[in-house]
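What follows is a short report on a single structure.
Order of writing sets the chain letters: A, B and C. Residues in each chain are counted from 1.
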Amino acid sequence: MDFNFDIIWGYLPLFLRGTLYTIGFSIASIVLGSILGLGIGFGRMLKNPLWRWPFDVYVNIFRGTPLYVQILIVHFGLVPLFYGSTNALISGVVALSLNSAAYAAEIFRAGIQSVDSGQREAALSLGMTRRQSMRFVVLPQAIKRMVPAFGNEFIVLVKDSSLLALVAAPEIMYWGNTMKGQYMRIWEPYLTAAVIYFILTYSLNKLLAYIERRM
Amino acid sequence: MEPIISVRHLRKSFGSHTVLGDVSIDINSREVVVVIGPSGSGKSTFLRCLNLLEQPQGGEIVIEGVNLMDKKTRINEVRTEVGMVFQQFNLFPHKKVIENIMLAPIQVRKWPEEQARHKALELLKKVGLAEKAEVYPASLSGGQAQRVAIARALAMEPKIMLFDEPTSALDPEMVGEVLAVMKDLAREGMTMVVVTHEMGFAREVGDRVLFMEQGAIVEEGPPEALFGNPQHVRTREFLSKVL
Amino acid sequence: METRKETKTRNKWILSALIAILVLAIAGCGSDKANNSSNTGSTNSGSNAAETNAPETVVKFASDAIYAPMEYMDKDTIKGFDIDFIAAVMEEAGMKYEVVNTGWDTMLQSVQQGTEYQAGLSAVSITDERKQTYDFSVPYFESTNMIMVKEGSDIKSALDLKDKTVAVQTATTADELMSKIMGVGNTKLKRFDSNAVAMMELDNGGADAVVADIAIIREYIKNNPKMKLVGIKDTPNFGSEYYGILFPKGSELKAKLDPAIQKVIENGKYEEIYKKWFGEAPDLTNLKNAK
């Protein structure tokens, strides 16, 4: 196997541009996914099974089907329905957000339920409303426990965003595929992509470790 | 005089298991009522019904003229007048001791921070822990934690205090310091309902003792009568085991 | 403080180790390159000779069978023009063979190594860039690219595509041609894993045109009459391209298969297979003259 660095240099500007897209997709999706996931997580904690049902279904579907298929459905089904035509940037953010919301919902639910019920009871017994006890007592403790799980989800999301190459979203893997197509070579594009993803996730790891220490 | 707490035909069950059969009792202002009984007798559940931490299936609970079972009653407003101290303290571990005490007055009573801080320091002094204001609960001993929990409940200036086995989770050498704080409180005229196994406390501080078994109040009376001359065979059996 | 410092140092070590592994891997590849290039041109490199000398050797072809009608999977059987064609060629050459659907990436990598698979058969167009890494058989199929648009589109030729959004399949010559016309980094050129997805993009309004092999466009238009699609031929801009069988550099197999391919093209077998798959007789003039 020979390794041709020249073609990597040629593609480097495209890879860098792709990196910005990957970062953009990941951040937008973890933010939107977390907001959506918080709502779904609370939905999953509803006492009435009838109200809880749609949230259970949501989580089960998005965790139980391949992201690959979800991206195609969002890109060719959902987005054209609302936007009129396909749009890889919208599909990318929507598909990743919907998917990560399912995981975020479980992280929220597990985090909140891991807080001892006595904490909530103590808050309520002091006259706090349910909302106040959630906001001032339960959530601050739960979030602290959620940070590692969220970090993990974020890292998975960064790597999962490579599947968006499927619908020609111009992120890292897309340019890897393009390079592969032009030169019909495997290792130069894939290893370059892998190194970039590694740098991204490694930095993210560092950032998360810092945040965890600070909390 | 109108009782401050009036309970009528209180029923509570978990699934098919009946915990409280048909409990009725009146408690007067400034009275200290001690609830004793074997574990599983429903005494803790009874206490937790008094601020609706447990939702009863039937009956009536009236506190200061407000019927808790009325759908229109805003329970969180009632709870501001009814403090509670738990067996496991339930201090908020992410907040410093003083923040634990200040949280509810600021968020619920809408006190300015200065007023809440002043009150918190005053209460910490009262329970003998002024120097612990700025530490986190994790560094407190069990006895200290429970005293902070009492201060936290008192910060809301409640009219009634509920104690759910406040010394059961403590090492024996720390029980005294918590009971001492409770005795002070009783002396000051606080209305108290105390679920406990501390018979000495019941005898010394209680105005009235309730003996509960199998979800019912079997016998009640002043401590000297109940301890000295129990009327019911079950009470006698129980007391012979614990005394 | 002490422990944090320790973790820091440890992490630094892990990072350096990882970088070292990557660098070594790449360096290893680099030194291989030197060996390879010194062998380039010599046809009797050891391992290949050993394999092809053995009488019972089965030649294994790798293929990416998502390219109907050239090669595709019918349930678990690989079918298509290429498959029938190679059957005729291998019969002519008197060799045993096998075609395996490995997918595109595996085909590229394993044919480059030449150990498990000795050749690639997947409607691969012969280009100068690819010749740097592989050897090709003599051309066995003439093709050209075609533009597919919706009826009523103002696109008339390849040059009209410059400012449009165009969908292609990655790694096809359509990709290559459109990259040259529109620019490699142009995001209005959308590359997909397969033509099927590219065509869905057109169908959903995400692209103004699809560019792909003529056989594939015709097949798609024929199968989807309701979509009101039009195929546009642009010979001046797209020109002809030729498919070849993909070999590792310096493969001995090329010398054995080339005469067999030519024989099949000349003895009428090729025409028979072509008619079966495309319903018309091929024009072989260009193919016979192509190099």
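In the analysis below, a contact is a pair of C-beta atoms (placed from the backbone, for glycine too) under 8 Å apart; a residue touches a chain by one contact, two chains touch by 3 or more.
These numbers come from a predicted model, not from an experiment.
Taken as a contact graph, with one node per protein chain and an edge wherever two chains touch, the assembly forms an open path, each chain linked only to its neighbours along a line. Chain pair with the highest count of contacting C-beta pairs: A-C. Averaged Cα coordinates give chain A a centre that lies 46 Å from the centre of chain B. The geometric centre of chain B is 79 Å away from that of chain C, both derived from CA atoms. Our note on geometry: chain A versus chain C, Cα centroid distance of 34 Å, whole angstroms.
By the touch criterion given at the top, residues 51, 53, 76-77, 79-80, 82-84, 86, 88, 90-94, 103-104, 107-108, 149, 152-153, 156 of chain B touch chain A in their complex. Considering their complex, residues 116, 118-119, 121-129, 132, 136-137, 140-141, 144 of chain A touch chain B.
Contact residues of chain C toward chain A in the complex are 4, 15, 18, 22, 25-26, 29-30, 32-33, 36-37, 105, 108-109, 112-113, 129-130, 133-134, 167, 170-172, 175-176, 179, 184-185, 187, 190-193, 197, 200-201, 204-207. Only residues 1-4, 13-14, 17, 72, 75-76, 80, 84-88, 165-168, 170, 174, 177-178, 180-187, 191, 195, 198, 202, 213 of chain A touch chain C when the two sit together in their complex.
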